[in-house]
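Next come two complexes, and both contain chain A; in the first it sits with chain B, in the second with chain C.
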Partner chain A sequence: MMNKNIWAAMAFAAGAVCLAPQAAMAGKSNDTLTWATASEVDTIDLYYQNLREVVIMAHQMCDTLMHRDPRTGEYKPLLAESFKWVDDKTLEFKLRHGVKFHNGKELNAEDVAYTFNHARKPDSGVVTRLLVDWIENVEVVSPDTVRFKAKAPTPAAIEYLSGITPVYPKGHYDNAPSVPGAAGKMRRDYGAVVPMCTGPYKVKEFKPGSSVTLVKNTDYFKDSPKGQPSIGTLVYRTIPDTETQVAELVTGGLDWIWGVPPENAKQLASMENVTVKAAPTTRISFLSLDAAGRSGDTPMKKQQVREAIAYAIDRKAISHDLVGEGSEPLVSMCYPAQFGCSTDVKDYPYNPQKAKDLLKEAGFPDGFEIPLYAYRDRPYTEAVANYLRAVGIKTDLRFLQWKALRGPLQEGKVAMAHLSWGSQGVLDASASVSNYFEGSVDDYARDEEVKKWLDAADSTIDPNKRKELYGKALKKIADKAYFVPLFSYGRTYAFNKELDIPVTPDELAHFYLAKWK
Partner chain B sequence: MLRFLVRRLLMTVLVVAVTSVVAFSLVHLSGDPAAAMAGEGASPADVESVRKTYGFDRPLPEQYVTWLKRVFEGDFGRSHYLRASVAQVLADHAPITITLGALAIAFAVLLSIPLGVLAALYPNTLVDRLAVGLAVGGQAVPSFLFALLLIYIFGVTLRVLPISGSGSWAHFVLPAIALGYYATPAIMRLTRSGMLDALQSDHVRTARAYGLPAWRVIIKHALRHAMIPVVSLIAVQLGFMLGGSIVIETVFALKGVGYLAWQSIQRSDIEVIQAILLLIAAAYALLTLAADVLNGAIDPRIRVG
Partner chain C sequence: MSVTAAMPTDVPRAPQSPGAVALRRLLRHGNFRIGGTILGLIILAAIVGPWLWPLDPASQDLGHRLAVPVWSAKGTWLHPFGTDQLGRDYLARLLQGARVSLTIGFLTVLLSGVIGTGLGVAAGYFGGRIDVAINFLITIRLTLPVVLVALVVVAVYGGSLPTLIVVIGLLLWDRFAVVTRSATQQLASRDFIISAQAIGSSIPRILFVELLPNLIGPLVVVATIELAHAVLLEAALSFLGLGVKPPLSSWGLMVAEAKNQLLFRPWMIAIPGTPLVALVLAINLVGDAIRDAVAADGRA
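Now for the complex of A and B:
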């Protein structure tokens, strides 16, 4: 009898241990901000992983030569004290004194030169080449002065050096592991080195694919334009399912999530412990039309057909009703907050009758059939297909993964595609419109005049001249309806009501600006 | 018995080999792995360099043979995404899936066998209908929905169980129920029909006539007989739990093998996909083999046939 009771008691105790709710890891009470997204993070080195999550982490851990204030958009020197263009291709930085890496070493010009001379090398394996490909060489002038030599005049350099190109200490990658590459050869895995930075937070623990823990850098330099960090610990977790993220947020297991779908946003906003806010992002959605006839003799070669497509789609309705808060309809082939992105171009307001008339003029009174390729956000593509069907254009939707679509698209085999582009977060029109109209594999217009203007705009230092050139190019792109810009993506953020954090239009979270209320 | 074992073992090896070849070709057919790895913003030159670095430029059969050779040397390769050896990656993910699978099948067995017995003892009564209804519910409700319901009830409303992650035993309770519930209808119905047959068989009637206690007749004579097909089914279901827990692992943020497989397919992390498929195919085949052997032990007639 005694025996039985002991067993029962033990079973009960075991059950109680199992069932006891875990002490919540998140929240104000233990000064820990826990945030989660669906991505698995393999490395937290921004040069080797351009996931938005890693960009966010880099902003907390690392500093860059320049800083773009996320609230005002103003560029301020960060690791630099000042900068000047010595000539069209030479950019000189004076470095700030007394800045220390998390290992205690003081920052100097050697570190800056080392970082960028590593990254610029074609075999460095850096993922976002755009940010470093412009660099010919970086030279140390004196311990606190460093010079960037550009391959060509690069007005966007200041943008490239703001927030997205962290500075590491000299020799940072020396201990990168060698791993087996192709054909039995070994290669260096630089991305496996945990970043050593100067930023407001330092790495405490990194579990690839699962979590990243950062703690406040109490030695952060006093006059940083980023300010001083307030919250003690930042924990990042991967939670793949949105519903699960929402459940964790509501019950206090998480403090911050993003990408809340419109159908959940309203419901969440009504919760008393959650704040929901939407903000725009740099990702734009558009139709790529084969005006140049790269894929053969398709209806897309006719301007009236392309105009008809532009008139046929109700961009406002898709943007506001389907994509949701934070999204805006677009008229121009760039993100409006980018430098040089002129929106003073021909607009094609929703007008299905006009679209039908134009199709008739073009010789397609009964419309036509055409394959429509897409790879992202199927519901948005289906909405586009429905609008096109309404004016007689029957699309055969071919929804592929990016890795399957890329080949045919860049080989010039796709007459019509619904694409999106995030400009790699760069707030300069050279990262958007130039990507598609400068004669690259993605250029389906092949307009020499547009290409000439864009080439000039990308390599002119004078800001006013640049604006004028981008304006001309964007105007012609709209007039000819080469591509059909649709909408910019928004993001909905949801967070603990006790958290005071600015929601910014750069698709990032600046936790170093966050405080508990 | 030995010949039986050898034959089954050879079949197992064959199944695993075929799976591996098919999987290898499918991964390559689903799109350019170099493009997937290089990402959306990559230039053609970037993609080319990725192709060279990882050897995707070589002919497929050559890539396959290279891979196979290394597997025989015990080297499963390296995850290009997670920056670790595949063996390490699997060692990190497998315990979670094995724990989840074992708990899920335990839950399924503990729920469905008593239900099956109960239903067979009172056939076509309210008890039978309730038992069948409870079990079939597992098949009718999609697992992601059932999982979210569990989260809503126990995680959000009652707040007695953690919702996501794998930090403690408590983290496995909801996922194991969600996953195991899916296996209950099949096991329950097979138990029920097996028991119905067994209860009407001569030897059970004889046992009853001897005046043995009812529970002894049910458990020792009837259930044992009814369990033969059920054992095979449980083994197959366990294979299914181990290989098919992608949805459950995703919903509960468990970093298991199913979730890893799904992520790796999206990332074209070929060596990881290959290793997982090999592992799951092997687990499936071995479990089937184990079931065959077990059945052979329970019922000698199977060994001959």
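Now for the complex of A and C:
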């Protein structure tokens, strides 16, 4: 009679039970750096998986035409030797000599053209279209020279070609398997091909969903601005439970983790073998409000309601007390370090009384009820919901997986959502504000004037003109309270005290710069 | 069953009603004393607690997140059990969680009890095709994994207190049906039912006046088991993030929220976890004692 009770009890306990730690080989004595996060990595090709973990791996395995030094922010040619803008829409790269892929083949212009001509194709299945959609075509000029033809002037091109668009050898995807796709058709699964790159580390073993092992590339080209790798082996492991990650770090099974909750940072830092450091990231948190009425006639169409929401939330308290070190409150819809991100816009300081007054003006003296969709960091969303409840807006929290939320959100069915966006680490406002206000599926404002300014800003070369245009767009977005920017994310990293690694403000780990002390 | 207990015995004391006999047995039962005390305390806390400790369980104070409980060095009586990750008072949330757990427990048992007993009595009394049809329903219900079905329904329709009560209530009626069906079958051929039929009593009268009172014993036992089951199921759903909606609190949700604090703030899991274990244990102890008390010859 009791077996069903026991079953329910077990289901209850299952979530709390930690996975048994595997036998780990980590640390200085083995010359092996083991790092872990909670994500399950199904492919390690950055074009086909934009998980942050894969971005980190790509920086170790692969090289790109350009390189942004994570410590200084300076752009340096990496696979390229030099570059020049031939005209507004033509970018020419001279390639470096003597760079070899991990299979021994030497890099030439054909490889660069092959990689980008594959990625730019609309049916290539590349997940971050922003990075390749600007390319009209890539041409080989000579064995060491390639030309990128842009569809329109693309001032952010150098940024897009730095760190996040790896170069593969010609014919890399030729053997990609065919798998059943939508509507019974077969499609090529390009993401299943293990990347072949030129970077400081080579792939030794990849177990989808559980681990990735990289080993030092002893043949790495000598004058790389990335320097020479020092640590012999890098092992990535998926450990879903953060408490298990912390326990393994403290006992020496792991050397590097991220996402330590701010409230645990102090306790963890007091452990004798652990270093804890926080750094800002480009990820921003904001409320998407349906000002355009895509989801129907909701209170979000009224400007006073949107302003009331902006005044109701104490973003300083959320940022400083809840999100913690590295996080900053935001006033505009972009990450402040991005080019063109103006913060000279209307601010909505925390003022619950004003919020209540505005709601009354808008015809909602007793507030209203509305579903609030969210997918990431539930405590942050709950804090926002509690602030809204305090002024009379009762939210019905619908917390979903991103995959489940993306559909309704992009189909225009969501009146209010708490979202976040990392801009793929791109330090240009075209990657943030333009993503949400240029008439795309994510645009819930549908403001033609803002769209016009942003279109112009994205395709103007003159930096001052661009700044002015982004500034205008951001100002109107804030004046109309289309979206409510909340805060930028910080990340707290914890690692082995014997590890010497720079902590950088790009939400990445540059293990090729790491050394044992 | 209790019918036998109703027979007058030749003990020289005044004859007692079956209810009084059961009650006397119950009060002497050790398990009932322990379980009843714990259950009584939790029910009392759920009813009067929020009046005695009137802090709003939903009001957040981000400046005072994760305050330590009063028994640690820096604790204060302002928040005897500390605060949670959004700076909400942990004691107030615990008391609200008790209300949620018990409400869900009692209401789902009421719902599933009515459904299960209705079907079980109908199947047992009428037999034949009705019995076959109801048995079919019971079999279908038994093939459905409870947690999985609840998860799917809540994920699709969203979890709110009423949804949870309905979903859990609609899933846990099978044991009521199985037990009342077999008990009814046994009773249906007894003399007092046949006599009632012979004098022309209506079917509702036979079912409600003759039959049901004799099923109370087994029903109460099943009810206690299902009560514990429902409380755990709610905790499991809340733990998985599909239970009650914020800002409402529940013990399962509190355990889930405290999961990431296990290493450095273990009290955050212990505070909601302990009463949850105690509640389920107490309900089972009480159920055990009731079964002993209503069975005619001690343990059946």
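The working rule: the second predicted complex is superposed on the first by the 483 of 517 C-alpha atoms of A that agree within 3 Å, B and C clash if a C-alpha of one lies under 4 Å from a C-alpha of the other, contacts with A are read in each partner's own complex, and residues count from 1 in each chain.
As a working rule, contacts are C-beta pairs under 8 Å (C-beta built on N, C-alpha and C of every residue); 3 or more make two chains touch, one makes a residue touch a chain.
Values in this document were obtained by computation on a predicted structure and should not be read as measured data.
In the superposed model, A:Gln410 lies in contact with chain B only, and not with chain C. Shared-chain residue A:Leu131: touches no atom of chain B or chain C. Legend: residue contacts after superposition of the two complexes on their common chain; A:Met196 is shown touching neither chain B nor chain C. Once the two complexes are laid over each other on the shared chain, residue contacts for A:Ala247 go to chain B and to chain C alike.
In the superposed pair of complexes, A:Ala385 makes contact with chain C only, with no contact to chain B. By the touch criterion defined above, A:Asp314 lies against chain C but remains apart from chain B after alignment on the C-alpha atoms of chain A. Here chain B and chain C are compared by how many residues of chain A each touches, and B touches more.
In the superposed pair of complexes, A:Phe399 makes contact with chain C only, with no contact to chain B. Overlaid on A, the two complexes show chain B and chain C touching the same residues of chain A, namely 243, 247.
On the chain A side of its complex with chain C, the touching residues are 1-2, 4-5, 7-9, 11-12, 15-16, 242-243, 246-247, 261, 263-264, 267, 314, 317-318, 321-322, 378-379, 382-383, 385-386, 389, 396-399. On the side of chain A, the complex with chain B involves touching residues 17-22, 40, 42-43, 50, 122-123, 125, 127-130, 179-183, 187, 189, 191-192, 208-210, 237-241, 243-244, 247-248, 250-251, 253, 400-407, 410, 421-422, 424, 440-441. Residues 30-33, 35-36, 38-44, 46-47, 49, 52-55, 58, 77-78, 81-84, 92, 148, 151-152, 155-156, 159-165, 167-170, 173, 250-253, 255, 259, 263, 266, 268 of chain B are the ones that touch chain A when the two sit in their complex. Residues 58-60, 62-63, 65-66, 85-87, 146-147, 158, 175, 225, 228-229, 232-233, 235-236, 239-241, 245-247, 252, 255-257, 259-264, 269, 280, 284 of chain C are the ones touching chain A in the complex.
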